């Protein structure tokens, strides 16, 4: 089965992102939103961890990036930016959803 | 001046404890309470960091230890356990108080 | 597809309620059915009609009420969590001898079974929290 | 010594309100003066009298009201934060056309200046939050 | 419709500091009446919820840890505790409550409810679920 | 009584995900009327509060970042940003708002409000304060 994991917390403030990464299986996806989007900022201590996660697709919510002033040129490669409609599609395309609160 | 720092968050869940440790000056004190008390559990990945903090006095709130089932035999050496009255004394004995929320 | 949503935090303090609202609007736009929005923990505070946010900011409770009216959204506030935190409908207020109630239009108070039921009857459960 | 306290979280969801209460009781027992307890952010939710916690649990709002009555504690709820979150006294309710108010005994609604003033006039400010 | 779904309640937060542990347990107890396939996972700070010897009198809050011992009576038998989470926190299985249930298929023999699993095993368990309420 | 106290507002949280950044700023604006010695520190995720180019339309929340630029008019001139916190988060000073105030002692010359300081320097600054509201 393919699971969608969501992370809404800053990877610098909480362990949700680290814990999610260490539990997400190959073939699953992670959607970063709210303060979770900071994990994809280029040059940050968190973004290196993402690049090591193999077989997991990474998504980030565009509206939350924009709100926080993080331009798409500031984020690492390999991340797909989606809007709320894309968030909905991710939920329906995966078999289940786990929120890392 | 001597500052009292308080940390009420788990060192495994948040960065408050790490950030507090890296900002507390020699001569200041740190009081761990609520979920912050988990930092003093012997053998945990957090307690090693405390032992490296030199010149900073570490206190833990007894009522919060007891509530969480952490016995005094489970905590590292060099930590002074206080009750709410002791918390008050720490506040009045230091020049100012900073809460790491 | 049938989607159920749980909201664990109150309005304003955390973004959870805003994110849930935006997610649900987008899901409705795409033709999905929102079987239920279940408000738990501090999430019950979404259901107070006493809030008066600044005029240049959004009114989260009013947004929920309007979305519910427009699309027949089932907004359920957990009774146990609501009692702890002081969210009451007229029945609850009467039964517990409180002088008034504060629940907003479109919200109803019910038990935790409504969350489990939504989980069983929906294709997905999505949780928004802290 | 003169101590001021700020509480940033609502009751039950976080331990902050409980910790602040225990701290204040201990400070009073030691003969210190609590100049003010300022409730900010979700902390304003400590001031609702509509809460009905389970009978085998503590009633945080009632604890505050009783402590205030016994020791003349000044319990101040920030007006801006309270309006956002739906905590109203009779005046606020009337002014904003709300059908009722929900503020508990011993609490009063006032401005943020009361926090700054407490910081200036007290020997220490202690913050309890998330 | 008699579809059985797999519910996994994921507990990642410590008790008392926040209400999530207590109110999550309330959901599990209500949910037990619905005849679904129920599991509980305790990972990260969630493992602290199961610490034995909790005494809350001095913080003025209700000690709800005895309720975990009642889960067996509610037919909640699959309780997964992540080994790595325990170890990182300086805990061993001996620090935890001993939770049991009566196996009706084996003449009501008392059996352990807690299974200590690795992070990798827990990832597999998570991946097989239909509904994952998190708190 | 005309005692001047040193107030340091410590901001450690990102904007929008939680309300603390916004409501902290409201305290600073009100506090500015009290003629105290006011400083602001942005450390950890607090540095994200000062990111330039914030556009909140799509999340339906109010963009309050322009208010930081008004701090100079409120005589709030000492804004400390921790270098290490910026670096760990992949940001540089160029990613931040440019905050200024007019120096009345120098013919109202425009000066930078933000001072980039090291963690060690910020520790010293914290240690000298009388009142440290945190959010």
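Should a chain be cited, it is by its letter among A, B, C, D, E and F, assigned in written order, with residues numbered from 1 in that chain.
Convention: a contact is a pair of C-beta atoms (placed from the backbone, for glycine too) under 8 Å apart; a residue touches a chain by one contact, two chains touch by 3 or more.
Every value quoted in this text rests on a predicted model; they were computed, and no experiment measured them.
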item: Set of chains adjacent to chain A and to chain E; value: B, C
item: Remotest chain, chain E as reference, centres from CA atoms; value: F
item: Winner on C-beta contact pairs when C-F is weighed against B-E; value: B-E
item: Maximum centroid distance from chain D, chain identifier (CA atoms); value: A
item: Distance from the mean Cα position of chain D to that of chain B, given in whole angstrom; value: 26
item: Separation of chain B from chain C, taking each centre as the mean of its C-alpha atoms, in whole Å; value: 38
item: Centre-to-centre distance between chain F and chain B (centres being mean Cα positions), rounded to whole Å; value: 27
item: Shared interface positions of chain B, touching two or more other chains; value: 8-9, 12-13, 15, 34-35, 63, 83, 96-97, 99, 101
item: Sites on chain C at which at least two other chains make contact; value: 8, 12-13, 15, 19, 22, 41, 80, 125, 127, 129
item: Sequence positions of chain E contacting 2 or more other chains; value: 16-20, 44, 59, 61, 131-132, 134-135
item: Pairs of chains found to touch, sorted by chain label; value: A-B, A-C, A-E, A-F, B-D, B-E, B-F, C-D, C-E, C-F, D-E, D-F
item: Touching residues on chain A, where the partner in the complex is chain C; value: 6, 8-9, 33-35, 63, 83-85, 87-89, 91-92, 96-97, 99, 101
item: Footprint of chain E on chain B - complex, ascending; value: 8-10, 12-13, 34-35, 38, 41-45, 47, 62-64, 66-71, 74, 83
item: Touching residues on chain F, where the partner in the complex is chain A; value: 13-18, 44-45, 48, 51-59, 61, 63, 65, 88-91, 95
item: Of chain E, residues touching chain C in the complex; value: 3, 5, 7, 19-20, 23, 26-27, 30-31, 33-34, 36, 131-135
item: Contact footprint of chain D on chain C as seen in their complex; value: 10-13, 41-42, 45, 48-54, 61, 80, 83-88, 92-93, 96, 98-102
